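Just dropping this structure here.
Every chain is named by a letter (A, B and C) in the order it is written, and numbering of its residues begins at 1.
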Amino acid sequence: MDLAQAKVALDTLWVVITACLVFFMNAGFAMLETGLCQAKNAVNILAKNFIVFAVSSIAFWAVGFALMFGDGNPLVGLTGWFLGGADNSPAMGEAYQGVFASLNWTGVPLYAKFFFQLVFAGTAATIVSGAVAERIKFLSFILFSFLLVALIYPVGGHWAWGGGWLGTAGFKDFAGSTVVHSIGGWAALTGVMILGPRIGKFAKDGKVNPIPGHNMSLATLGTLILWLGWFGFNPGSTMAADVNAIALVALNTNMAAAAGCLAATAVAWVVLGKPDLSMILNGTLAGLVAVTAPCAFISVASSLLIGVVAGVLVVFAVIMFDKVRLDDPVGALSVHLVNGVWGTLSVGLFATEGGLLMGGGGALLLTQLKGVLAVGAFTAVASAACWYLLKVTVGIRVTQDEEREGLDTGEHGMEAYPGFASSSAPSTLQMSKA
Amino acid sequence: MDLAQAKVALDTLWVVITACLVFFMNAGFAMLETGLCQAKNAVNILAKNFIVFAVSSIAFWAVGFALMFGDGNPLVGLTGWFLGGADNSPAMGEAYQGVFASLNWTGVPLYAKFFFQLVFAGTAATIVSGAVAERIKFLSFILFSFLLVALIYPVGGHWAWGGGWLGTAGFKDFAGSTVVHSIGGWAALTGVMILGPRIGKFAKDGKVNPIPGHNMSLATLGTLILWLGWFGFNPGSTMAADVNAIALVALNTNMAAAAGCLAATAVAWVVLGKPDLSMILNGTLAGLVAVTAPCAFISVASSLLIGVVAGVLVVFAVIMFDKVRLDDPVGALSVHLVNGVWGTLSVGLFATEGGLLMGGGGALLLTQLKGVLAVGAFTAVASAACWYLLKVTVGIRVTQDEEREGLDTGEHGMEAYPGFASSSAPSTLQMSKA
Amino acid sequence: MDLAQAKVALDTLWVVITACLVFFMNAGFAMLETGLCQAKNAVNILAKNFIVFAVSSIAFWAVGFALMFGDGNPLVGLTGWFLGGADNSPAMGEAYQGVFASLNWTGVPLYAKFFFQLVFAGTAATIVSGAVAERIKFLSFILFSFLLVALIYPVGGHWAWGGGWLGTAGFKDFAGSTVVHSIGGWAALTGVMILGPRIGKFAKDGKVNPIPGHNMSLATLGTLILWLGWFGFNPGSTMAADVNAIALVALNTNMAAAAGCLAATAVAWVVLGKPDLSMILNGTLAGLVAVTAPCAFISVASSLLIGVVAGVLVVFAVIMFDKVRLDDPVGALSVHLVNGVWGTLSVGLFATEGGLLMGGGGALLLTQLKGVLAVGAFTAVASAACWYLLKVTVGIRVTQDEEREGLDTGEHGMEAYPGFASSSAPSTLQMSKA
């Protein structure tokens, strides 16, 4: 082994291990989203959140990775389908020869690059699952996830990370507040709008009926797994054993999470009267989503500020989405979309190089805004087209009867917790029938 | 630090970290198996799956590691009891001097080698737990686990990995489709046969009564933990920071899992009418088990094919085991035994060097088949002997009354979920009494 | 990259990755403690165990780290507030220039040092959560956690690890049996004493009413996560890619856990009549806590002995605390305090250099005893002062009505498992009212 090989080994270990942490976020999302939904739909949500990574693996391998990172034009990549084509990784920079030149800044084997990027793509798809839960058809979710990971996510990703026009313009999104979280969020938003709310969520008189999650232990476990996974998501995005960046990013990630947690707790305590656990959890996730874009470009103090704003935003966003009658069972829009946008913009405010509040002028902030709008517009339009396509073909929503009974029996022919008695207290379902 | 030391450090970090991932599979198996069984037996399954690693730790330290990797003859290792004896690890190859020459291809400290191999041994024992669940005595499971990890697993392991005759003959099992999964599977099969089915599982009229698992959230979490753990299991089996092998193995592992997942989902959808969640989970595990042997020797496309076959196999195997009235509550035989065999044979078909379908002729396939049969025959006979020994001494099955009431009160004097009401709907137990 | 940089990279990867494992222990404690308490208090315990790491992050960043590791005097650190001040890490030893000289033995960036130490500080605070569960006010727990991590833990930590008088005196606590576990344990003990027992736990006639945990699946999962996390906690405390130390520490950690598990199982079987699952779990944790101090200084055989003693101790300690009417819902005192003390003393008995039983005389044992007493006395007094301060200001205990109904509705306005029916069998609560 020579020094160059040692460096490749260090970088590869880091990339593969952090990819594993990000992979584990699938378990985090599965537990969080299942816990925040009703028991009668638990099997369905679990099945969706589980199979989505299998679907993503095939979609990103066959099509998505090439569209995102393959050599092409400023809009899309056009080479490297099925992970094929020339590639002399781990050669870097000028020495790199192959079809994935946009990733020549990281010196690890191609398959390690793909594995790391795959777990990111899978995350974007998982975000959708929670928002459309408790009424979407299993098949149409699978198909949408395929389209999202094969076609939509990679295009936005190409713009920012794959050699596309946005990256060239100076857009900065270190680990994906926009690329992963807000793309997932916009796709979720269109899904929520086109699917409509769950039966009984919004009464005719304007009243919003809370539909409580069935298992807060799982939801909390899921959030802790996500927090852990973010230590792969953000620090791993160095894609190299760059010690100073890793240490800074890990710390910023944690401090924004802590600040988001405490801010959301405080705001919920004041606004809602009690420190609601789902707000505590979503506040943390909000801080994590927000700091994902800026984590490598800001100071620790800035990460705290960004987290505080995220924690405040998420509480009011949840209330706001209810007010505009968009039914998002797990708060995915408030966490991933709202704070994906906030985090992306915060780069323009707090980046030590170029941030408005750091004396860098407004140019970076404008570029960030441009990125938010462009990626948002593209994703919303493309996602809406996919949802409509599915709506007029396989259909996207289960029947009213199935929704009332629960998707577990309807879609999967099984229950999540057979043997446990349901509460005889008036259930949400009964209330909604009244 | 010089370059040689850097290499030892890289290799050791990789081995220890991946060993941690494999250790975590204990949590995966515990959640999967508990979730797929009944609530009244949950404490018992949890206790079994927990204590099994403690038992394995003692058994493998005292006896198993020496039998498996100690210098000896082609049938068994005979030195290194209690991890004792000369050993100048991390010296490698010719420079190695000590009693564990069969592991001189990996350059890490002896204790790291042991730790990594221990978590593999523990996995084999855990596989048995699910298959014999809901009717085995706690004490006899502990004793069987000790015998399996101290005596049975190491002998099969010695043949393939410890300098034994099978490895010498060219048998290839990269991370243990045979050594870990099918040894665990054969031990489970004999246990299932000797224990007999759970009361009420098979009606006299030939009808098979499904006994649904009590918590699909835990089962899904467990499977995601296992999928994560496999990124330690397979890529870690390089036992070195060999970047190209690690990246290939990680990707193949994931693609086979994804393919197994989707294939089992599709087959279950067609054959059973619905995409059953337990089939989705077991299909993934089937793909993972199958790719465990070939993952370092095959292309990504082959891993997809192997996974698809695994996913199909597991669904029909579950149906088949029910038909032949072998009661395996969690599908462990279909996952670990059937696909351990399939994965081992698939090396002979798909290995880029020597695979039949890759133009390598049939020699490797024959060697693989020989390994499957030899290890299977030894394990089945030795396991059956152990089960009988336990049957005539401490007894292996709880009383019918205890089985009906649940093993939690009978074996452990406690309930898993006190305070939660049971469903008043006719339970499986009541049906089985009728 | 040169060799020195490679070493820094290796060390940093190790420190950051093991810190992630230790962070994950938050999930372990959350699941264990929630599972061992009642369903009606689950949201509260989850919220406490979740928010405590956010609180710890702020407290340790602003104050705690400086008090613990900042340059100062033998009693406290006095520099480095808000992680500020000069620091040329990863420079080491003589080459280090900065305000955290006590950490100049590890060659990683400052933020990595902080991140690793932060997850340790968070652990100490989490330990308290379980012991004071099911009757403490949410707000007062948050405030106590802040005080503990900002002020109390760092002082004890400074003495042992931060250049203070105890470390100078030769006190050895490799990964924190005293610094983390017994400081957490003493703080918990004073909390338990000042709060008093839960309603109904101790009847007037002297009878002890067991209050069973509501979810043994979660408790078991939590313990497996903790076992995993300990492979970060202990081997990570090398804070360097020191391969021989890592391998030894990992193995010793595991063997003590296994021995503690089996010893507690056997003792519980004999003393209580059945192998109680909570004893199996707590026996494992006892072994882990005990080996935390000595793991780098002892042989594998010693780790087994230390684990066996820990497993025995924990069973009798649980019984003893019940007898003296100290109500610790999850056994935190028996695990962390009793075995934190035992583990610290065991260094004086088993250390290959200086251990009494290894022929090293009694000097080290005396120093260890001095450390146990000094840190214990300081923590107990300081913690009691904080608890009293909170008692007379915000109050520390919920009302009797709230305690009977459950803290989930009282403190958080929500239930953990809405939709699930409670058992109609006489519950603990009803018994306690009778």
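One rule holds in what follows: a contact is a pair of C-beta atoms (placed from the backbone, for glycine too) under 8 Å apart; a residue touches a chain by one contact, two chains touch by 3 or more.
Keep in mind the model is a prediction, meaning the values are calculated, not measured.
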### Query
Hey, what chains does chain A share as contacts with chain C?
B
### Task
Quick one: compare the interface residues of chain B with those of chain C and tell me same or different, with half as the dividing line.
different
### Task
Go ahead and align chain A to its copy chain B using Cα positions, then give the rotation in degrees, nearest 5.
120
### Message
On a C-alpha centroid basis, what's the spacing between chain B and chain C, in Å?
### Response
33
### Query
What positions in chain C touch 2 or more of the other chains?
3, 6, 10, 13, 17, 215, 221, 417, 420-422
## Note on the structure
chain B partner, complex, touching residues on chain A are 1-3, 6, 8-10, 12-13, 16-17, 19-20, 23-24, 26-27, 30-31, 34-35, 42-43, 46-47, 49-51, 53-55, 57-58, 61, 83, 90, 108-112, 114-115, 118, 138, 215, 218, 221, 411-422
### Task
Enumerate the contact residues on chain A facing chain C in the complex.
3-4, 6-7, 10, 13-14, 17, 21, 38-39, 212-217, 220-221, 223-225, 227-228, 231-232, 235, 241, 243-244, 246-248, 250-251, 254-255, 257-259, 261-262, 265, 272-278, 280-281, 284, 300, 417, 420-424, 427-428
